[in-house]
């Protein structure tokens, strides 16, 4: 079965669901699932519809063109994604490998309808992991003086690989606007702390000092404000006074990989809308 | 805002969502949220739609009558519930009060669009709780010889109170077909164990013997097979070797009340479909 | 069985466990359980021992006096508590009752070896709850001009009731040094947010604005810095974009009561040491 | 720092903790942590003590010999393990690799004071994983006619590698008494279900049929009764009607690896006692 996901948002108004379902029905397609969300304060309406296009009665180009007419009349922002196109993912890493393994294993198990196109790193350390999983690995060292130039190279490289999504799998560099502007709302980062607490460096050390009883991890879209982009997914895990910083780091690894992978899955399944620095993540 | 929830299921077929959304739109109403589920193996389609009826352009009777035509043509089972009708809830208890307090407090906080109409008990112990919360309390003692006759009285009493939902809040009696047939899929029970493990009596003692590391609670619709009705909600909580049976009972109280109240909420919000002894619980 | 809990801390040094266990053994008593913690950085040693005093071969006064000699020689801080003394608890409330009910029900179930001696409130609203559970209720209104004087009255009242622990069960007043100094490390507060994020007022509104995917509650000892005292217990619960602030408040109630009651239990069971604004909470 | 863990159990009697702490103190050692458990019904006492042997004032042989005298006089079963000996672990696998990767990564991160000595498999599929992590891999195919003979070979091989612990990381064969008797209470298995529910084959399919709202994984010691050995660790994860069996399998992978690794860690840290088919797992 080939299906299509339509993700849209517009001002709340009567008849949107009807218009969308009529359009899908008249195109010969069948709705498999749909979800809506109304942001009450702003009267903004969000919708995700997945529909089977086996019996589509026009070309895909026409489908898109026809929907565009509706979208314009209702002043919608939208995306249409077909399941027989595999999104291309780039993974950025430094030296920690726990998130990288987790992502590559899920890729290998077929958990995602996507392809890991390349791995980019500012270190050589994890090349053997890339070789083991048979993914191209690009060594792109960063020094403070070359950062923007290097990121321009990286963007070029990613464009050559037609990358749709960049995953920072514990990539220990702060991105410049060069990368951020090239992939707006298309870069997912994992922060090893429960945001908005413990922003910045060494969050587990901060958590230890404060004596918290839970530690967390937060996955979010990267934007120009460090660790402040829209939150996609969070998790916490119970700790106590007897945990050393080393053990907090170990437990952190367990939830970081889980939280990052869940966020990546939601993105790849076209389940995330961003609105005013918050995310709507359909289930 | 008055809204209406339509809960339906039918054979999977093209155009159901379209038909439903067209109907709602043409009645002058606006969809607030909707969810679907396709039971793949059986090709059975389930849908819940909540819509605002502020601008309904016909009477409610006509709305229902019009939808009935669609439902018959598509061979649907359905329910239509309006938010300005408060469902009537009966609570059945014996001597344990933790679930009872939890339900009555949520009722008092306005967490539910429902009214606790009466409390029925086979003991007098909890009458003071009913008095405190100002709910009528009926003492209906059961002995093995009068069980069916007594349940007939209870059914009559509940019908006088126009009860839509019966909640067994640790009611320590096995119901007979008299009650079960009077409220099919309308009686929610809490079992103090993780079903299907530990059916029947003293599940915490069974869990202790077995040395499990988690204990659970399960809320389900009551049917003629003891502790085997459709599961609505479950939860587990971590325990270890150091917990006595008394402590397992304490932790059990904490999750029993939570699991039962969550199940009741889902039912009262018209989020549950039952199909082949399983539930679809929309989120 | 009458037992005794010894809670101590001292500089780490060889033989502490040996000295303590020798002392207990030579007093005719038997260790039921013990736990230790070594704060590695500061070389500070913490220990909790529970022992059966059925066969105690001296008076309790002598037991204490004898241990005092050891404690002085090893420069220990310690507490000795006997299980046949029920600690006296004061509960402070304003208008929210969910934590109050939870505490009073646990008290009634015998979950604690303690007595709720009185309830103090700056409002009259919850008096009927106190009546229902048969606990003395004292109405102590606060206005900005009388706060310290009023707290002096409250302290006096609590002393008359021999209160050992004060529980702020959503008491919506910031305490002055009058109360804080009268009960150092003896006042437990519940903050309806995951500290150190979302300090201060309306944390659920803050969480909603930020779009977090988990909300939390934190129980801590009250000290002179608002919401910054030593953390005892925390919990989080999963939320998403579809939750209104009203629903966040509802879910908040569920975890607030749980977190507060867990903290109170740990305190009443003499399981908490405080050191440098962090807690050691033995399990 | 070199430390030693003493794990013991004996009939409950006065003075055990005192005897043990005196012994440690008189050997020049310092207790870092200790835990006890009293199995109330049977009056059986369990204890784990970790102590620093930096200043041990005798040989290790003498330490052991001296303790043996105490152990005999108190009729104790015990084990003494020194931290400068790395336990040797054998991992058994078939074709699923998620638990294998998780174990090998933790090994690589230094989470355990142990060495993965070899991997044994009845298939060739995962040899490349072993090569990547630089662990010897032994292909030991099983057919119904050769099972016991093959297991004799495996036992021999493991003994050559001085294996202390066998981890069945989704090894899809039922062991015969040959293996079980060679490593009593030394073989850890992962069952992909919440035992005691869903024993045997295809537990996720069973869970799906039953419509449970949580799925689980259970790690236990293998014994002669299939999936009935002492439970070490369990975890559950929330699912709902919309999860296909394929998605249940995916979520299962996430908790299986976590539960198995936690059980292995507890074993390697000498935190587990077994008593009457239940485990005491010190924290």
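For the reader, a short list of remarks on this structure follows.
Labels for the chains are A, B, C and D, by order of writing; each one numbers its residues from 1.
Heads up, the rule we're going with is that contacts are C-beta pairs under 8 Å (C-beta built on N, C-alpha and C of every residue); 3 or more make two chains touch, one makes a residue touch a chain.
Values in this document were obtained by computation on a predicted structure and should not be read as measured data.
Between subunit A and subunit D, the least number of touching-chain steps is 1. In terms of the distance between Cα centroids, subunit C is separated most widely from A. Separating the CA-averaged centres of subunit A and subunit B is a span of 37 Å. Centroids of subunit A and subunit C (each the mean of its C-alpha atoms) stand 42 Å apart.
Separating the CA-averaged centres of subunit B and subunit D is a span of 42 Å.
Multi-chain contact residues of subunit D (touching two or more other chains): 37, 283. Chain contact summary for the complex, subunit D toward subunit C: residues 14-18, 21-22, 24-25, 30-38, 55, 283.
In the complex of the two chains, the subunit B residues touching subunit D come out as 37, 40, 194-198, 210-214, 216, 230-236, 240-242, 244, 277-281, 283.
Only residues 97-98, 101, 105, 109, 111, 128, 132, 250, 253-254, 258 of subunit D touch subunit A when the two sit together in their complex.
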